[in-house]
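Next up is a structure, given as structure tokens.
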Amino acid sequence: MGAIGTAVLLEYLLDERAEREDLEVVVLTSGAKMRESEAKLAEKLKEFDPDLVLVVSPNASLPGPKEAREILKGKPVIVVSDAPAKKVKDELEREGFGYILVTADSMIGARREFLDPTEMALYNSYVINVLANTGALRLVQEEIDRVIGEIKEGRTPELPRIVVTAKKAVEAGRFSNPYAKAKAMASYFIAEKVAEITVKGCFVEKDPQNYIPLVCSAHEMMRTASKLAEEAREIEKSNDTVFRNPHARDGRILSKTKLMEKPS
Amino acid sequence: MGAIGTAVLLEYLLDERAEREDLEVVVLTSGAKMRESEAKLAEKLKEFDPDLVLVVSPNASLPGPKEAREILKGKPVIVVSDAPAKKVKDELEREGFGYILVTADSMIGARREFLDPTEMALYNSYVINVLANTGALRLVQEEIDRVIGEIKEGRTPELPRIVVTAKKAVEAGRFSNPYAKAKAMASYFIAEKVAEITVKGCFVEKDPQNYIPLVCSAHEMMRTASKLAEEAREIEKSNDTVFRNPHARDGRILSKTKLMEKPS
Amino acid sequence: MGAIGTAVLLEYLLDERAEREDLEVVVLTSGAKMRESEAKLAEKLKEFDPDLVLVVSPNASLPGPKEAREILKGKPVIVVSDAPAKKVKDELEREGFGYILVTADSMIGARREFLDPTEMALYNSYVINVLANTGALRLVQEEIDRVIGEIKEGRTPELPRIVVTAKKAVEAGRFSNPYAKAKAMASYFIAEKVAEITVKGCFVEKDPQNYIPLVCSAHEMMRTASKLAEEAREIEKSNDTVFRNPHARDGRILSKTKLMEKPS
Amino acid sequence: MGAIGTAVLLEYLLDERAEREDLEVVVLTSGAKMRESEAKLAEKLKEFDPDLVLVVSPNASLPGPKEAREILKGKPVIVVSDAPAKKVKDELEREGFGYILVTADSMIGARREFLDPTEMALYNSYVINVLANTGALRLVQEEIDRVIGEIKEGRTPELPRIVVTAKKAVEAGRFSNPYAKAKAMASYFIAEKVAEITVKGCFVEKDPQNYIPLVCSAHEMMRTASKLAEEAREIEKSNDTVFRNPHARDGRILSKTKLMEKPS
Amino acid sequence: MGAIGTAVLLEYLLDERAEREDLEVVVLTSGAKMRESEAKLAEKLKEFDPDLVLVVSPNASLPGPKEAREILKGKPVIVVSDAPAKKVKDELEREGFGYILVTADSMIGARREFLDPTEMALYNSYVINVLANTGALRLVQEEIDRVIGEIKEGRTPELPRIVVTAKKAVEAGRFSNPYAKAKAMASYFIAEKVAEITVKGCFVEKDPQNYIPLVCSAHEMMRTASKLAEEAREIEKSNDTVFRNPHARDGRILSKTKLMEKPS
Amino acid sequence: MGAIGTAVLLEYLLDERAEREDLEVVVLTSGAKMRESEAKLAEKLKEFDPDLVLVVSPNASLPGPKEAREILKGKPVIVVSDAPAKKVKDELEREGFGYILVTADSMIGARREFLDPTEMALYNSYVINVLANTGALRLVQEEIDRVIGEIKEGRTPELPRIVVTAKKAVEAGRFSNPYAKAKAMASYFIAEKVAEITVKGCFVEKDPQNYIPLVCSAHEMMRTASKLAEEAREIEKSNDTVFRNPHARDGRILSKTKLMEKPS
């Protein structure tokens, strides 16, 4: 429901080469919208009787996502959302939901004078780039993989309750070079800041003369964050220390560091 | 079914600010896999009784996508796929399907020594960037929007039958500056070439000492294509000639060129 | 007293080619420190019987800067400071002081493991670059020039009371291209955000394993902000629309836009 | 007196985190101008009875700086200046003054059609960047620190007599990677060359059609030198070999190389 | 005869510092043209009675180059050419000629609307850059050096029969870092692809509205390939692992890796 | 005789698409060497009875090139050389030779520890890039074309006597944007400065510890000059104002500015 950068590749994060034999994924989305009525998708999803449900949306404190997860209660549910969802963190925990809130997955500059499909896609390319390069996506992946593993073992999974900060993201990034890590953190901080500007541009400023420059500058920030995140990875490449953790065919997470070596 | 860059944002291309009132989107995907059995998703989809179906997958000539579209026959179906699907172009036309084949949406370097979830996400960020910046995504959007428009008017839609070449992509890109256009074309050509290398790296070479450098160089090519595509857009920005075509609330496609002006 | 980026070139901002005949500048500084006792410099300064006093320091809410301006009361005093001084904005106004608070002139990452003289100089090169490219320094210059002009005319000057936001900075930047302006704003926003990280790195985190990455990432942010600010100016260069406002020999501010034309 | 890049941060070079307890700094400057009459500042300075005096100005062979240092004779005086001061090197030595001449601290392009306060600040950001990244500023710092140390020990200090060449600068830069060192040298050579162009642009060419391109190209050279100097440091970052020599609280110079380690 | 990038520096590849005493080189070229009649240059060359002849031209399958090498038969002849010459590979071998075909040495975008002498020179600067950085030129050099060595020893030389692929080029490039190697390969692949576009632009498309963008995009591709090839070398520089193999005065090939060490 | 950047493409400058019908070019070179004995090539060349002779070499004041041109006296001879040849400017004029001295075509860093064939080729790629982008090569081309034109008309040609300075180069570069022009000039100045460093590195410094960093930094300078020269052309591209002057089939120089227009 609704677009966030973390969402667009989520199903692939868990099976990046389409060869896991232990995993069956079904994704149901309602496109960009997140009207309450669309929570009925949740009903549809229930028919699949899933072992684990990820409810992914921006601002999980809104009624639509809320209704969706209520319907799915009983199943292990992990809410994947962005910074505004921090408001319902306690509620989520109380209700037994897990959550992973990616604070750098900032709201897009959704103003018609600025945001057409092309700009939307570009923004997402920058966001995905930042989240992947800094390690944020790996943290998401590892947590969900851990839960899947626990379910496979027949255990009641310990659902993650994580706000993905810069620090946690770069820990998952497993940087060897401290400057690469600092650049990744810087990238993440900039990406987080974007939301502050887009919120102002979308909800506070009413005059196009004011809000167009704001949303445009917010996307420039994300673009720049992406370039900085690339710098981080390029450093790791130059030292042949890029950490990789591909899935094995049976779903285990392997790992490796030198490019030419075999993961294990 | 299966991952291609064009797919990951497709639902948002048609409603980039989540405010269209004329459109209800349901997406059903099977994650990275495209096993035949998963074509049963198509059955599920049929229950929604959609006005238009997009079947999106890499290599639409494989049995899975084929079965899926067979099931959905009777509905207007547009196959969105990549270069290898060119093999079944005639068949698709004969069977009454529309198609949009994005040749620069090249296969990822799917080798376990190289492709972990992070690398997968990065690659997609580059692909999306190339497709958005060059105009390819706009072409996809405009064709689908046209079909939706025809359906809304109660007409039998003329389904698109398009192989998205560099030339067609940059026409949709509406570049004002001829060098920006040439850079976008160059980016597209490089992105197309990637598939040649990944296919060799994934299916021909058997020795990791040979295929790791190949798939790694293929991703470097896509990364470079993305940088070049950005150069194209930066030129248009510097001239304040970035073309934008946002949707109106009622689904019409508006357009504008100068950043501070209103779309119409 | 104490270092802020705005300070290091302030005297030259008003006489960039050292040829104004209407201006005599004396600068008295106490190096990096801002201990209260050093406010006695203020006494020394008084001996020069200046027409206008600029009290420049980070965090003008601290006792040192406060004492200094108290001593200088009676003269027209403009406090030039950074974001934390916003706390004493009302007090400054009440006491009859002018102020210009440059919010992007963020605190340096003052941790011994990280900040040596070379890193300090680099950081300042980035800050100056951001402040100059975005227009913030021009705003400072224009306000002080205006006050000087009023004093020269024998009028009681209207002291500036300005918090330099991104919006005000780029207005002074006089960008012709809206994307250049958006990039400049983005640069300014990033530079503002730096203080949040350095404050945490210098005053909150106690463990070097935590604060070193923080201060290092903060400087990476300023470095990146500087590159983005350069992008803005390069666009204006490419259009030959760089606004320039040099001083005439008699102190008047001239202006021009095309490089090869004469200022007037 | 007068602006040179080395000057703008000189007081902070010696106390970069404002915590040295062994040092009291007073700076008196006359803004951009260096008229002879302003040498009276030297008189004022004498009242502070300093242990060490740094007389910083462009072209120390001019009457203003000369008069200033004559007045201060008797105190240990170090003249900090630029390449043109090489003419009075022998005279300075004869008169008992120390000197540090930073040849890359090239004259600015001081033509009204080109140099406004913003351009002036940008140029200084590039100069400071080059001097810091190449090691030139560290050489200045270390020499002055050495003299301060000798004074603190009650010894008659050995005043430095140094022309800072590319070679000496990069030695102080303590580069680990030989290509980083070569890039730093290249940067320094380009920065040195700038003066040749600005002198021609400011004093030889009389026609704006000729001198505007000259001074503009000179600043482009310094901008480029700065980018190259950054390349040098980025290499050291990528190897985690950035040398740092922060001051201890008591004024001793510590040193370290790996980012996460403690200086000692 | 005719221009290819490999050719322009070929004579210098074998004696890069002009100090070999075992080598006498004579070059006879006919400028850009390769008309059959010009094969008479071959006659002229014969008068020099050379020990080894290199016949360098684009597309060695054309009549001009063919006639030239026929005339020179009897001497050891190595044909140095580009990808289209692959058509006559077997013929060359049958006739006893050696060959080195550099597939990335792609045809220039030879359309009058686009290609003036300046564009021609730029394109060659990119091609040479790619060929040098990837290792392709080193492979050419080493093969010819080997043959010269065999001739010097009085042996019948084994003539090279090599199609220079990306893989062979980067092997000669002796990269230490696997990502540098992958970038170099990527660069080579892009450079190879250029020919496909220029051939279409020069021989297939007849309408300037179509062929101008094509040839222009082809040059953008080569420019981008060159930037990527530079990235590869910069990584090796950052690790101080740039392989160098200078000639000794007596023609032997020495080698070294660390910049400051002596070749041996 | 001997390598200079201007030389390597000289024959193609005059016939960039190999289709001029009014021109027959023969090139005779002696590889990298320029020993006196090799001046006998000049004798060989005479046999071709050329209408115009270009004697191209570094440092035309040396005996080899001198002897060569003496032999060719009687023919119209244009000496194409570099900065050191300025010493014999008057002599050349007196003896009736024309000359074009390209001062930015700086000597390579010819030290065995540094210069292998690959480094040599890279350096030339940078030099050619600088000379082409700044306009220097166009000036060479236009002068020679003018002389050829005069010869074709049966007139005694006025031989060029030109020292190619930054100013003259960029005039031939026909830049529309003044900042592009300034960047090109800056690039040219840096390229000129290279020779100062290489001469010191090759002939003055004897210790490898000193001369290796020097020659290495000199090549970094040329590399940087090339990047700056590219910036200049990219600006012209962004404005669609790249000047082109291709040859017509009959040898006339056409010209055009907008990419999509026809030259005339």
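The first chain written gets the first letter, and so on, giving A, B, C, D, E and F; residue counts start at 1 in each chain.
We take it that a contact is a pair of C-beta atoms (placed from the backbone, for glycine too) under 8 Å apart; a residue touches a chain by one contact, two chains touch by 3 or more.
Treat the numbers as computed from the prediction; the structure is a model and nothing was measured.
Using the contact threshold fixed earlier, the set of chains in contact with both chain C and chain E is A, B, D, F.
Graph distance from chain B to chain D, where chains that touch are one step apart, equals 2. Ranked by separation of Cα centres from chain F, the top chain is A. Rounded to whole angstrom units, the spacing between the C-alpha centres of chain D and chain F is 38.
For the pair chain A and chain E, the distance between C-alpha centroids works out to 48 Å. Residue numbers of chain C whose C-beta contacts span two or more other chains: 178-179, 182, 212, 216, 238-239, 259-260. Looking at which chains touch one another, you get A-B, A-C, A-D, A-E, B-C, B-E, B-F, C-D, C-F, D-E, D-F, E-F. Interface residues of chain C facing chain B in the complex, by the touch rule stated above, are 177-180, 182, 235, 238-239. Residues 166-167, 170, 178-179, 181-183, 185-186, 189-190, 193, 196-197, 210, 212-214, 216-218, 220-221, 224, 227-228 of chain B are the ones touching chain E in the complex.
Only residues 2-3, 8-9, 11-18, 23-34, 41, 44, 110-122, 124-126, 128-129, 131-133, 135, 137-138, 141, 208-209, 212, 216, 226, 233, 244-248, 254, 256, 259-263 of chain E touch chain F when the two sit together in their complex. Residues 237-240, 242, 258-260 of chain C are the ones that touch chain F when the two sit in their complex.
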